[in-house]
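Questions regarding the structure given below will be posed in turn.
When the chains are written out, they are named A, B, C and D in that same order, and each has its own residue count from 1.
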Amino acid sequence: MDDIEVRWLKEEPGSAEILIKGLPGIGHVGKLVAEHMIDELRAEKVAEIYSLHFPPQVIIGPDGVARLARNEIFLHGGKKRIAFLVGDYQSVSPEGHYLLAEAFLDVAERLGVRQIFTLGGYGVGHLVSEPRVLSAVNREELRAGVEDAGAEFNRDEPPGGIIGASGLLLGLSLRRGMDAVCLMGETSGYLVDPRAASGVLAVLSALTGVEVDASQLETRAAEMESIIAKLTEGEKPGDDDALRYIG
Amino acid sequence: MDDIEVRWLKEEPGSAEILIKGLPGIGHVGKLVAEHMIDELRAEKVAEIYSLHFPPQVIIGPDGVARLARNEIFLHGGKKRIAFLVGDYQSVSPEGHYLLAEAFLDVAERLGVRQIFTLGGYGVGHLVSEPRVLSAVNREELRAGVEDAGAEFNRDEPPGGIIGASGLLLGLSLRRGMDAVCLMGETSGYLVDPRAASGVLAVLSALTGVEVDASQLETRAAEMESIIAKLTEGEKPGDDDALRYIG
Amino acid sequence: MDDIEVRWLKEEPGSAEILIKGLPGIGHVGKLVAEHMIDELRAEKVAEIYSLHFPPQVIIGPDGVARLARNEIFLHGGKKRIAFLVGDYQSVSPEGHYLLAEAFLDVAERLGVRQIFTLGGYGVGHLVSEPRVLSAVNREELRAGVEDAGAEFNRDEPPGGIIGASGLLLGLSLRRGMDAVCLMGETSGYLVDPRAASGVLAVLSALTGVEVDASQLETRAAEMESIIAKLTEGEKPGDDDALRYIG
Amino acid sequence: MDDIEVRWLKEEPGSAEILIKGLPGIGHVGKLVAEHMIDELRAEKVAEIYSLHFPPQVIIGPDGVARLARNEIFLHGGKKRIAFLVGDYQSVSPEGHYLLAEAFLDVAERLGVRQIFTLGGYGVGHLVSEPRVLSAVNREELRAGVEDAGAEFNRDEPPGGIIGASGLLLGLSLRRGMDAVCLMGETSGYLVDPRAASGVLAVLSALTGVEVDASQLETRAAEMESIIAKLTEGEKPGDDDALRYIG
């Protein structure tokens, strides 16, 4: 296996104007949004990315079949052609983050991507009833449009910058002539957070003009909030699907 | 020394249909089974594997002679030709796990291996009186046979997948056209566990048709249980061989 | 991106006799001095250094624009031509420190630098009312001049030597025929310390003959001392600019 | 700088029959013995070894001059020609240990070394009044001679083998046709231990036929024991040279 291996599932994978990145991270916010969109839009998988910068681990599917940890590229070929970057893990090493981000951008270039949206969470350490969506961009000209779509730019939020693929795709895309916007849903950071994901999805829809039914995310958010309410009251929650989500 | 160095002890090492992997891990379950089979079948060592991905350490033999940490390949040339992969350590780095797993598969290819069994433990954090054998496979078609042999497939067991060589040999072997089955003996995870090993051996025998006398493993398991019983009652166990096993 | 990438902003960046290094470190002493000099002398940025040895992270500017973590080279073209090395981070790995230090020296050679000053803090673990400036050099002949300028050389201070770029630039520059002096401001190690920075600046001015107005550093030092006084008395300090400095 | 850089100080460094390795480690036992022998025999430095596998750090000499962390080769040209390997640090990474050990053996080969003695400490976690010297060898034939010289071979001592250069030089030297003996002085592991060093020196003298005056080591041992006695009685020891030794 090469350090990073991109396996295209077709010779002609098609093209995409925008790339939406939703890898695991704080509150799994980005992952929730991107996987939800893939489901709703019935996007098709076109590539798998393997790397020895991922944990040395296999994932067991519901059928008992184990497969290597990986990232995946899905494509949606509607009016707006969208590529999605999702997966099990991010890099386990600092250098691996840089090398994978460059590989993701190679994939984006091959698909003809002009604009990147990286989705993530912004952990604040306490429960948030009305989560904001924070943003950062790779060119100042993009800011006004993002604010119009409902996201905020606040000095020192997040403090210290943005770590991992969400950040590096912004930092490394400019030199390839791509626009990039990071959207971060405010979240406690302790739990998978479909409420924060729902907020990010709304901003993303406004920015891209792509509407997807958010009701499934809303249902999950309501379930999660009911679980939290029970936890807060000291009850033990049942074996609920919402808590089995990660994994 | 190269990053990974395979030293064949003969020019014509022979061949094997199946490879059984039993490296150190949870409860040393896989190691116990593979080393027990090597002893009982009087398998012959055909290769040593050295690597700077192993700990920078030598092992001192009972004769006072120090040798590099290593992995080893043994061959049993009976009706069923079996290769065994055993050793002192697994990789100390994430990337090293991937690189060593590929090197193990190169060895398997050279020997003509068609099927791989990776053996390990599944730590549950408490003592288990009747340990199950959990499994994962690299092709769904293998599942029914493994279930018939007495192993179970359970959703989310182990949660998070399988780490290290046991997992990666499953994930990386499919692309080489080899079948692979992981068998994990349920164990507390706190102690060397010959009882769990005994369970894994039974499933493995049913799957491969290779019978080995399990009485030595059973004796060790009984010794270990007697030690645990004494520990539970607060007695100090004697200087028993069973506790000196690791190392 | 290469492992280390030096981006010159002009084809003819100019030249410098001396290089002053002020990267983040203990009490941010070196960073405070170098950035203060860059401001006061209106030095011009001539190069940016990117590396996968820096944290995999972007920094968000006050305009909401994210950029890769980086180091920077500024040039001041007065009577004394000075290059400054400043930046967001040092290497996250031991080897990266060595590789980046060599890259910094390549930059210094290209600029014609003959003498290097590395600035840092020397953490003593308690508040210091009259901080000393400790020093180390890469040639014994440099010592007398540094002592005349007000710095001290004390056996076992700092104990264990000097870690990171401040140290390695001394250790690696001799073989390139450059003189190098490390100046370390005594500091608690717990807080950003403009008082220690002010002391280092005074010694550096005496050594280089370059005078800069220190009043802004003095103001910051006074603010910081007032905050510490309040903290010591148990009051909560206000949302003061001085505490927002890092980041 | 290369990954590992051996700087020979002369074109014809001479030759040596044996190499004695005394790098920092448990109780600094090996370092104490090797540096004591270098002093007593007035051995001459012939090479310096630099590496980015050492900590990214400079050491400040008593003259205030900083130099890179390094290892050194000294040569003693008496009846018995001896090379010494000493230095500030061992590798900070597992792979670096392997790579440096190979580099040390390259140096040994160039000098014509036929036998290696690696010196270290064996930490037992409590004060030892009459420290033993434990040993391991790289060929069983060497064992009897080492026992005659006063060292012991005990099963499971040290448990888990020997880590770092002391171990790897044994493991890697056999394939180069060199004999190797590791001598480990029993020590608490908490303090620099000249008493353990004295025991190792006695065995080493018996093995090599090289006698050096041990009185300085004995004096240090007595000083250290007097300090420990005071510590045990709860007194604060004075600013004694013996405690300033490390660093």
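Here, contacts are C-beta pairs under 8 Å (C-beta built on N, C-alpha and C of every residue); 3 or more make two chains touch, one makes a residue touch a chain.
What you see is a predicted model; the values in this text were computed from it and never measured.
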Fill in: Each chain counted as touching chain A and chain B at once
none
Worksheet item: At the chain A/chain C interface, shared numbers over all numbers used: above half (same) or below half (different)?
Response: different
Worksheet item: Which chain is most remote from chain D in terms of Cα centres?
Response: A
Worksheet item: From the C-alpha centre of chain A to that of chain D, how far is it in Å?
Response: 53
Worksheet item: Where the CA atoms of chain B average out and where those of chain D average out, how many Å apart are those spots?
Response: 37
Worksheet item: When you check chain C against every other chain, which residues touch at least two of them?
Response: none
Worksheet item: Quick one: do these chains touch in a line, a ring, a star, all-to-all (complete), or other?
Response: ring
Fill in: Every chain pair meeting the contact rule
A-B, A-C, B-D, C-D
Practice prompt. Spell out the part of chain D that touches chain C in their complex, as residue ranges.
Written response: 1, 52-60, 62-69, 92-93, 244, 247
Worksheet, complete the sentence: The residues of chain B that touch chain A in their complex are 91, 94-95, 97-99, 101-102, 135-140, 143, 153, 155-156, 158-164, 167-168, 170-172, 182
